[in-house]
Amino acid sequence: MTPEFEVIEHATPAISKPTYLIVGLPDAGLVGSITTEFLIENYGLKEFGEVYSTKYIPPIMHVTDGIAKSPLRLYYSQSPGIIVFHAWTALPSNAIYPLAKLVVEYSKKYDVSKIISITGLPVQNRLEIDKPKAYWISNNAQLSVELEKTGLMEKFGDGYIAGPYAPILMESWRAGLDNFVIAVESFLDLPDPEASAVALEILSKYIGFKVDVSSLLQQAEEIRERIKGLMEQTKKELPSYTLGKPMTYT
Amino acid sequence: MTPEFEVIEHATPAISKPTYLIVGLPDAGLVGSITTEFLIENYGLKEFGEVYSTKYIPPIMHVTDGIAKSPLRLYYSQSPGIIVFHAWTALPSNAIYPLAKLVVEYSKKYDVSKIISITGLPVQNRLEIDKPKAYWISNNAQLSVELEKTGLMEKFGDGYIAGPYAPILMESWRAGLDNFVIAVESFLDLPDPEASAVALEILSKYIGFKVDVSSLLQQAEEIRERIKGLMEQTKKELPSYTLGKPMTYT
Amino acid sequence: MTPEFEVIEHATPAISKPTYLIVGLPDAGLVGSITTEFLIENYGLKEFGEVYSTKYIPPIMHVTDGIAKSPLRLYYSQSPGIIVFHAWTALPSNAIYPLAKLVVEYSKKYDVSKIISITGLPVQNRLEIDKPKAYWISNNAQLSVELEKTGLMEKFGDGYIAGPYAPILMESWRAGLDNFVIAVESFLDLPDPEASAVALEILSKYIGFKVDVSSLLQQAEEIRERIKGLMEQTKKELPSYTLGKPMTYT
Amino acid sequence: MTPEFEVIEHATPAISKPTYLIVGLPDAGLVGSITTEFLIENYGLKEFGEVYSTKYIPPIMHVTDGIAKSPLRLYYSQSPGIIVFHAWTALPSNAIYPLAKLVVEYSKKYDVSKIISITGLPVQNRLEIDKPKAYWISNNAQLSVELEKTGLMEKFGDGYIAGPYAPILMESWRAGLDNFVIAVESFLDLPDPEASAVALEILSKYIGFKVDVSSLLQQAEEIRERIKGLMEQTKKELPSYTLGKPMTYT
Amino acid sequence: MTPEFEVIEHATPAISKPTYLIVGLPDAGLVGSITTEFLIENYGLKEFGEVYSTKYIPPIMHVTDGIAKSPLRLYYSQSPGIIVFHAWTALPSNAIYPLAKLVVEYSKKYDVSKIISITGLPVQNRLEIDKPKAYWISNNAQLSVELEKTGLMEKFGDGYIAGPYAPILMESWRAGLDNFVIAVESFLDLPDPEASAVALEILSKYIGFKVDVSSLLQQAEEIRERIKGLMEQTKKELPSYTLGKPMTYT
């Protein structure tokens, strides 16, 4: 493992094949975070690990049911085989590269088939969009062919991806692992549960599980309110992630 | 011991079991600092140690009765068995993680049963609150059950804790030690002796000693005046502790 | 190779002699970047390598046809023998020196005859200039004689060159390699495809291949629009490159 | 010796016992600096050493009689046995801790009996005070008893001391050496020769030598003018010394 | 040699004794730079070395006659024996101490008799001064006697010297080498060729060569115009050199 991170596992999960590692980190519109939090709370995922780092995780603990835990935690479901890598807090920009290495090394440990990242793609006219479009970005040509065939998303085409998901694409490619990003049109600095709903539907069809996003859509206002603190933290890290541009831009 | 801290003990205290280590560091409302200072000055605690660090303690000495000492000192009472870890000055934010390690390693040395941290929980409407509410945050499930049973505080529920007490929760859990935080509703950047009085009453009932907080309440105005310099110092460190949020937030 | 960069080659290119390594990095007017991007997309150059660095390349991936890749990549044509070293993103100023070493060491690996850098020379009255003038800056006297003979550009004369191309001149001289810079009058912080057209014509005559820059000139407006994000990123790095002066000044 | 300082001695002084090391560094009101400079120039002290450091001393040389020397120098008188550690320039705040170690290690080399530091104690109403009061801060209880007996100063009581003299108190205590601070009420950022006159009278009575401070008081205006540059430099370092509070505060 | 600098010599100069090393670095009024540049261009000095450093020299190359070279170069004349250490660009303030070591170590290699530095001494009323006065600052008492005898300059007396020439005085003294500074009254942040003319006349009489400064004075306006970019760069470094005070002050 990347030496400056330590993964503490409370249990060794039995996970069926193929195994998907889904990464939900706070960035544009918190699209990734909202998606994985919804999975954790609505699909009986079991918490089994915490990530510990005095260098890359700020001195903030996430409290759940009165108990303080690391804000970077691991969850799984046995079948379909899913590991969720979820951050409950914004991460400092110096953590981006080492975190990418951690995600990839951890995926190898559990022989993960695909790493799936979920992010927002900030668009100016988000308010006027009813159903945000989703795009894929892959890390190799064969995976691109597969994704093209699913018809679930459009190809991102040409452009850039910056922020925490960018180096995971590179590191996983170097390790011979498939990784793709689901980038859904979203707000930049407003939590965007509607964009997460789009990501969830794609995920469920891709992996093959059932999802009812209606509760997510009903609670959209409430979610926006609840995680505005996380959005504030995240905004502070966005500029250094992105060298002056939103997370992802074409 | 964490190599960049050195604990200098002037005496080896004999402390009865169970032993509690109470941590009072300056953060929101100085609730922790005021509480432990009151204990030190009103319950015959004996000073027995100083913490020395050229890296994590700023070049400020605390002068007491004309003698300069480290601003980070240790006190104890034999029975009930209490060690107090008290900071007379604000600590720089880079000290947070190493300090947490120090507190936990030191607790192991004295076979401490419980580490108890005291903090303020800033609330907007503090002025309208007569009797601030207190919450517990624990670092493991069994301790949560115990705290629930005491009925002394409410469960914190879900949220975040940031600042100096946060990593103590994690480090003590990793070391197999019980740690809980008493978080009392308070001002953010005004010293809040009334919140400390609430913490003291809880502490006295939990540990089992008598406390008369009336003198604390009578001197509230005087205390606020006396430690406004410490509050100023602490405010400067708060932002970097908390990534844009008060110490503790729900 | 410079240890903090890693060059990953997808293929080993067969390249005829003499071999030219052309460097296109974003600086004044993006003259270099636009030139090498035009070569890549219009002359059938083959991509064969990516540069990897967690220290000197920001966490930004360039996405092309849906696939994320390093923003620093290598292309070649077999005949004439050309290697293009092209950056799709702005590079942080601390990368300048190590990048120069990388370029030179890599040139030695492929026994490159000449390293050719392309840059803009910001001039105040750019708007009034129809056909920007081009100048050469060389790294040794013998090469100066050769360049003088070609009559393709004027001699830069006396002055300074700052930014990413400057240390390549020194490092290549130390390694006994010829390197010259084509500096074309340009805007400072507006993309300048017209200046790139001048550089392309010089390049084509110098190396001996045919170029039709009319499409470049026709698409000038479109290019300016498409890469304004890159120009923004680059502007942020310009001040630290140049100690208060544009890239190159007389 | 602290490795990043080097003390260059031009002569080995013969100093009678008891030996006092007097530290004069620029801080509040330049009280320490003015005091030791007056001693150097009026009591026939001999210069015998220079302190050299490329890390902790800024690239500034003090020129005296046309010759450039280190701005941190050592002077002595044989009888009474006095070593003066005098800084002719402001020192950066990162020098505070290592300088304290240097002072203490050097004191051990010459078997110093007491280290005496001189500082200003900024008070708001300085203008209204005719004869500034002086206080002592000691580093151990036995020394406190001695100082109490002399009746030369009042006890500082409770409070804080920050800045360059603070860690000397701690380091000397750790080394088993007596150290006390003479803190005289003063301006914060105006040179205060009148406060230095008070310190000089106390020093002369404590050590046992004659002093005529009338010339110091006559030249007060001239001194203020001459060292306003040093005061400016020192003001720039004060904030980082003191975490938002004047040098010393109650 | 100081490891982070490398001196590349294109030729090994034969230099008659006594040998003088003259240092011309950009600081107040660019007095040193203008002086050594005038020597280089008017007295047939031969270029024989370049200084290379990726740490202390910014990524700026000096272009002369179309060829890029290090901005820190060495020149000599055989008789009188002179080595000139000339910087064509401003140097970052972190280079000051290592550069001083380099100058001194290099002087020892060529058995230099005297290191002579030339600087400006900023004075408020420079405009009203027709013939700026020159002062010497030496690094040892014997040299002071020699300089006093020449009658070419006044003694600087008491005060401070800051900036790049200051630590050369200390380092050369530590190495047993004579070093003196010619400090001529000058502007702070306007190039001051008239002050350089004064320095040149002193140099020529001290070393014993003929100089005609009339061309320097005639070209004063042109020089000021030509090097205003260098003055701008230098101004940016001045504040960190000097801790809030001009280069040299009394």
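Labels for the chains are A, B, C, D and E, by order of writing; each one numbers its residues from 1.
Heads up, the rule we're going with is that a residue touches a chain if its C-beta (ideal position, glycine included) is under 8 Å from a C-beta of that chain, and two chains touch if they have at least 3 such contacts.
Remember, it's a predicted structure, so these values are computed and weren't measured experimentally.
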Original post:
To get from subunit C to subunit E along touching chains, fewest steps?
Top reply: 1
**OP:** Please give the intersection of the contact partners of subunit C with those of subunit D.
**Re:** E
Original post:
Taking each chain's centre as the mean position of its Cα atoms, how many Å separate subunit A from subunit C?
Top reply: 36
Subject >> subunit A and subunit E: spacing of chain centres that average the CA atoms, whole Å >> reply: 59
Original post:
Put in order round the ring, from subunit B and then through subunit D, what are the chains?
Top reply: B, D, E, C, A
Original post:
So in the complex, which bits of subunit C are touching subunit E?
Top reply: 93, 96-97, 100, 136-141, 144, 147, 155-164, 166-167, 169-170, 173-174, 181, 241-245, 249
Original post:
If you look only at subunit D, which of its residues touch subunit E in the complex?
Top reply: 8, 52, 54, 58-71, 88-90, 229, 232-233, 236
